[in-house]
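Below is one structure, written out as structure tokens; comments come after it.
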Amino acid sequence: MFEPKIVCFLCKWCTSAGADLAGTSRLKYRPNGVNIRFMCSSRVDPEHILWAFHEGADGVLIGGCHPGDCHYEDGNYKTQARVSLLNRLLDDFGIDTRRLRLEWISAAEGAKFANVMNDFTEELRSKGPLKLAVREMAK
Amino acid sequence: MSKPKVAFYWAASCGGCEIAILDIGDRILPLSEAVEIVFWPCAIDIKYDDVRAMEDGEIDLCLFNGAIRNSENEEMAELLRQKSKLLVAYGSCAYEGCIPGLANLKTRKEILRRSYIEVPSMDNPESIYPRTRTEVPEGILELPELYDTVYTLDQVVDVDYYVPGCPPVADQTWAVLEAVLEGNLPEKGSVVGAGTKIVCDDCPLEKKETKISGFFRPHQIMPEPDICLLEQGIYCAGIGTRAGCEALCPSVGMPCRGCYGPPPGVFDQGAKIVSALGSVIDSEDPDEVDRIMEQIPCPAGLFYRFSLPHSILRRKTTDDYKE
Amino acid sequence: MSENMGLAPPKNPPIRLTLEIVNTGFKQRVNELSGQNMDACYQCGNCSSGCPLAQEMDILPNRVIRLVQLGQNDDIINSETIWICASCFQCTVRCPKGIDIQAVMDALRQIAMDEGIDHFGPDQIDPELAASVPQPGLVGVYRKLAT
Amino acid sequence: MAKIAYYPGCALNERSSHLDRSARDATVRLGFELDELDTWTCCGAVPPVSEERVMNLVAPSRILKDVRDSGRDILITICDFCYNTLKRTNFIIKSDEITRKRVNAFLADDTPERDYLEKDDSLWEDYAGEVNVIHLMEYLRDELGYEKITESLKRSLKGLKIAPYYGCVMLRPQNEIQLDNPENPSIIEDFITALDAKPVKYPYRTECCGSYLSVSSPDASTRLCYRILTSARNSGADAVVVSCPLCFYNLDSRQKAITEAYSDFKPVPIFYFTQLLSVALGVEYGRQGFEKHYVDVTPVLDKIGISTGKGGEE
Amino acid sequence: MKRIGVFVCHCGINIAETVDVKRVAEESMKMDGVAYAQDYIYMCSEPGQTLVREKIVEEKLDAIIIAACSPNLHESTFRAAAEEAGLNPWQCEIANIREQCSWVHSDREKATSKAIHIVATIVQKTRLNESLEPIPVSITKKALVIGGGIAGIQASLDIADSGYKVILVEKDSSIGGHMAQLSETFPTLDCSQCILTPKMVAAGKHPNIELMTYSEIEEVSGYVGNFKVKIRRKASFVDWSKCNGCGLCMEKCPAKVSSAFDRELATHGAIYVPFPQAVPNKPVIDKDSCIYFKTGKCRLCEKVCEIGAINFEQEDQFVEEEVGAIIVATGFETLPVADLAEYGAGDVPDLIDGLAFERLLSASGPTVGEVRRPSDGKVPKEIVFVQCAGSRDPERYKPYCSKICCMYTTKHALLYKHRVHDGQPYIFYIDIRTGGKGYEEFYHNAEEEENIIYLRGKVAKIFRDGDKTVVWGTDTLTGRNIEIAADLVVLATAVVPKDSTAELVKKLRIQTGPNGFLAEAHPKLRPVESINSGFFLAGAAQGPKDIPETVAQASGAACKVISLFSRDHLEQDPAVAWVDEDLCGSCRICISVCPYDAREYDEEKEIVIVNEALCEGCGSCVAACACGATQQRNLSDSQIKSMVTASLGGV
């Protein structure tokens, strides 16, 4: 079966803590993502996301605090706006925007994190690998 | 000591860079005194075979403008690389793909169909497409092969220096020529003839706080004359564009298009500008944010107007959307 | 609401608790006879878990006490349980609240017998058994289970 | 030879006379005599049914008062029911002043004044629980000492694995009986060890055999005894040892019914502790009354070389 | 090149069971820059830490990576260990292979592979990590306590007693909170007001405490040690500086307003103090009920006030304060009876909640302590208490246990028996939970001695029948259903966070858990702190709790504040943003982006600089900097890119 590769950019305060909670709750989910922890989802730069696709990711997850809950007041709103614009860019580049997920997962939502990972993995599985032109050219 | 041999070449580009060389104005005279121009198809009648006949490295400096769009461009890039001691990607097309590079948002097939079938002025009932080889009674006609993807010069051959700009401004061109002539060369791979900062650094418009609640194209509003255009909702690429042009456009009230490419700390100009713009949207409502963002026409074309082939993704991927 | 007497009685009618029912004196009578406080029972069920004769009973010992607490005397004095109890004191020694359940059972048997319910009489004994069983068995059974 | 006041009770006097006889035989060999009370009545077998039934305390109290009045402060019993009844009666008399007064009033009532005036010129003295009721096994453990038994052994019971069976009333209720830990007793195990035999541990040793339900609900008792005996057997026991006549009856005689009801059941011989003591102290084989047992004990005794014919010293 | 050491922890079997730790160590050794790798059973144990310290020295390591549990747990432990061995603490990184790997996967092969990728990712980060020094930040040694219940009062007193200033903000006109409403308190049955009032007075008079009642938090900015708070002082329409508390205005006011303090069981005027022992004892005018405000006529209070303290023109005032720490003690509310549809949805007159019953029991309550039912004022002879009304009901209401109800219901039944000797209380419960000193004994006493009938079962339905309130329950202990036609029913409704909590946490930017209670930094080891530094939690706002626990937590939170204030300065994480002067083109986007005003234009250098003391390290300016001049220390774009590559298995 196709095992998609996922890069997860998680904010420290909410989603990474939520992922920790999934761990302490011993929830089981698909091992397809590797987490990269930032202080805030607003540290995530669209360049990082494009780079992840370039380097072989089939999907990218950005996890931040729920709207209004950002530890840095409004970092997640910046992320939301960037993703909004980036989605249009991805569309122009022919990349299915479902390959980029923005999820609000709080420190209390271990189960949500596990569900998102499972669901995202399944969705990417059904989509198949990202045959990014630039990667195909390199081959 | 013999005079340095200089070549100019024009690949996939509009020709503006050729004009830009002439833009150095009177300084062309001392230049032609100082160097021997051995190849310049636009100005001098020297054939490709003459170049092929040269010794390797015989040309001291080649300013190569234009992107690599077809097999001829690539062949000449390889040939000039071989014959030149210094190969300079001159102008935005050679450096990062520029306007021709926008073709990477389409496939060759789409482009040919558009150009030879779909355009209203085309009358081609038999759907004839250009071919690389065509037999006619007189013999075989050959055309270069149009590539599916536009490349920058350094994606096909090794490049020594880059001069950004669409086109490069005259003073910067002269400075590069001067530096080469004087042997005052920076580290290989450098961008020369440009600044290290961004256009904003040279821009005379006043900057306060950037909060964007809507985007406008220049024709849609009459901007305040002395205020930063971006703050007024006019997309200006100055925040993500290398300095060097003396902020020509914003100085006269037109937004920067980004032709000098990314500043030194940035690789992907478009992504970085997306990131910056996303940071200053004045709304927390996702639907409103989407509406604001939709006011930007064709983000890929806008943000990568000059740098698409040189970006992380380089071109459009064609088979990801299915179902 | 009154029950319609013409209908078959419900299988499991609700207990309608009232001030009167829980204070009729049944609980108090059990308390007096047994010297135990029925309200001390917090229904942990230890008495039932360890009762060697639980499998022979129709109402488990803890539930017997529960019914006393709720003043449901009919349920108890008509039950098998109080006659099955062998007075082995297992429940008594284990009760975390120190209730002598054995004494409660004795009290309930006495109340039942006071109301004319006898469980065992001389006519019910197997003569062969009567001739062979050691006397404590005979004395015990009559003292515990008969007036 | 020391004489200790002894209350045999109805069962030992008659249907369980082998318990009585083996006890008397054995204690003599240990240097003391069970001195049966001159007059005694039934103790009532079970302690009072409820607080209202003070009458039930009268008979046992009278027995105890007589012991006190005869100038003795220890009373040995063997039957667990007698032990339980007398000891608990004593406890109630000691701890509950109102009951004590009521019981003594009854005692005084049915004791003709002239009797005690003639016998003794002291004034009536309420019985206040002065007598210490002791189980024979308790006496052996605490007064004589089990080591004395071991020293006096004439026949080793080595090789026998014996399951102690406590039943209910020997140990419970604990706060009144105080013989041993009711959940984890050791008095019979230590006794078995003193005889050089090996005690077997099994979970059912303190589970009730059904007691008097044997009379009213024999099937219930049969089920209980089946579980107890099977548990003992499965733990490797050659035999089970008891001290209570009713336990003995249930565990021994009921094996007939058990065998009929359970096809997998294998009979287990039952001993009174005094019978084993008697054998081990060298009392002549045949005096223990083994013929009264339903389950044949000879195979077990054969196992350690004791059987009919070999006899003891006498 | 840097020499990096990788230490892979088994965490007993917690990691080793699912992740092949030996292979992780072996694979780590193959990674660029890794000079040493080893696994060990418990890396955080003393021998484990010793191993790390020894290897740093022996192997001349420049940086270390601990592949173990979440960095939230032991990052500081290992950074301290690294420092002891002579490394800069910022050369120590944690690779989380437990919470985010071994515990969440079961396929050993895949989990091991993922763990290797996680380590590779952190190796890439570590290769480019700089050595950093913490940034010193000053502290404003003044605390803000939000909420004037017993938690807020206790915390304020503790801080004030240690010599620091406190601002105690309370939204009502008096401090006291719910505890002021209670009759007697379990398990000792001392009178609630008797023990509370002295504390209220002490808080009101304390020279270090500034009471701001009838006030709400408007805005909070800043960060630990240096918060800026904007407080709205609501218009009371009474000039408190003039008012002498004579009470004439309240007497004369013709309006009738249901008393929230008395749980709607009594009324007061539109100008009122919530209860006679209020601190401060000054009235406010309820604008929504005031006849003058509604009709433009009346002003009776103004006429009777001889000193002219009434001021209908008063407006909300805003004050700004600087504080160094904030204690959130906003307390609880109970689930409205109206929310419980099967219990009559609030339409049954003789069905009240526990707080209302407290008022009925209270000597200062609307019935002067006599238990009288609301419908007709009769003394109820049979009274049913229903526990878990909305609690322990994940399907329909609240999933959690409200914790205090078992005890207060028992107390209610007991106090009722003390008032109505021939009355019969019944208590329906699911489980009786009496964890607390003297609690089980209290319950046993009530059950054994007070003839309280405990019925084990959840009440299904309550409705009115004539003048009775019928309760349908069950007794699982008898297996029989129970019907009681009661005179009064008291619901132990679920303890819920105050409605206003959700809005407040947004202003404070702290977290709540799934049920809306304030989230603590660690459920066991940091129970009085928010995960956001500088915020501390006290009382039922964090979760249902009783008075002793509330007071203990309040003192705990106060102690944390005092400990914070006892320092000369704070040390801030230096992983902040910085600017490359050669690249910054002063577009000033970063100034607009920074939530902390940590960005400013330097006129001299003609670039935008970072005020490191203000920077919280969120990194949003880094992402927003299109010229690439801004980077985050130890999380630069090049680090991130190589981390991304490594996470995908590239090098």
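Letters A, B, C, D and E name the chains as they come in the text, with residue numbers starting at 1 for each one.
Definition applied: a contact is a pair of C-beta atoms (placed from the backbone, for glycine too) under 8 Å apart; a residue touches a chain by one contact, two chains touch by 3 or more.
No experiment lies behind these values; they were computed from the predicted model shown.
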- Enumerate, in label order, the chains that touch chain D and chain E alike. C
- With centres defined as the mean of Cα atoms, the chain at greatest distance from chain A is chain D
- Item | Farthest-lying chain, centroid of Cα atoms versus that of chain B | D
- Message: When contacts are scored as defined above, which chain pair ends up with more C-beta pairs, C-D or B-E?
- Response: C-D
- Note on the structure: Min distance from chain CA centroid to global CA centroid: chain E
- chain A to chain B: how many Å between their CA centres? 33
- Roughly how far is chain B from chain D, going centre to centre by Cα mean, in whole Å? 112
- Between chain A and chain E, what is the gap in Å from one C-alpha centre to the other? 30
- Query: Hey, how far is the Cα centre of chain C from the one of chain E, in Å?
  - Reply: 52
- Note on the structure: Check: chain B positions touching at least 2 other chains come out as 266, 272, 275, 278-279
- Residues within chain D bordering two or more other chains: none
- Touching at least 2 other chains, the residues of chain E are 593, 620, 623-624
- Query: Can you name every pair of chains that touch?
  - Reply: A-B, A-E, B-E, C-D, C-E
- Note on the structure: Touching chain B in the complex, chain E uses residues 580, 582-589, 591-593, 606, 620-621, 623-629, 631
- Enumerate the contact residues on chain D facing chain C in the complex. 9-11, 14-16, 42, 44-46, 49-53, 56, 79, 81-82, 167-169, 172-174, 182-183, 206-208, 210-218, 220, 223-224, 245-246, 248-249, 253
- Which residues, counting only chain A, touch chain B once they are in their complex? 42, 45-47, 49-51, 53-54, 67, 74, 77-86, 88-89, 92-96, 99, 127, 130-134, 137
- Query: Where on chain B does chain E make contact in their complex?
  - Reply: 196-201, 207-211, 230, 238-240, 243, 262-266, 272-273, 275-276, 278-280
- Message: So in the complex, the part of chain C that touches chain D is made up of which residues?
- Response: 32-35, 52-53, 55-56, 83-84, 86-90, 92-93, 100, 102-103, 106-107, 109-110, 119-120, 124-126, 129-130, 132-141, 143-145
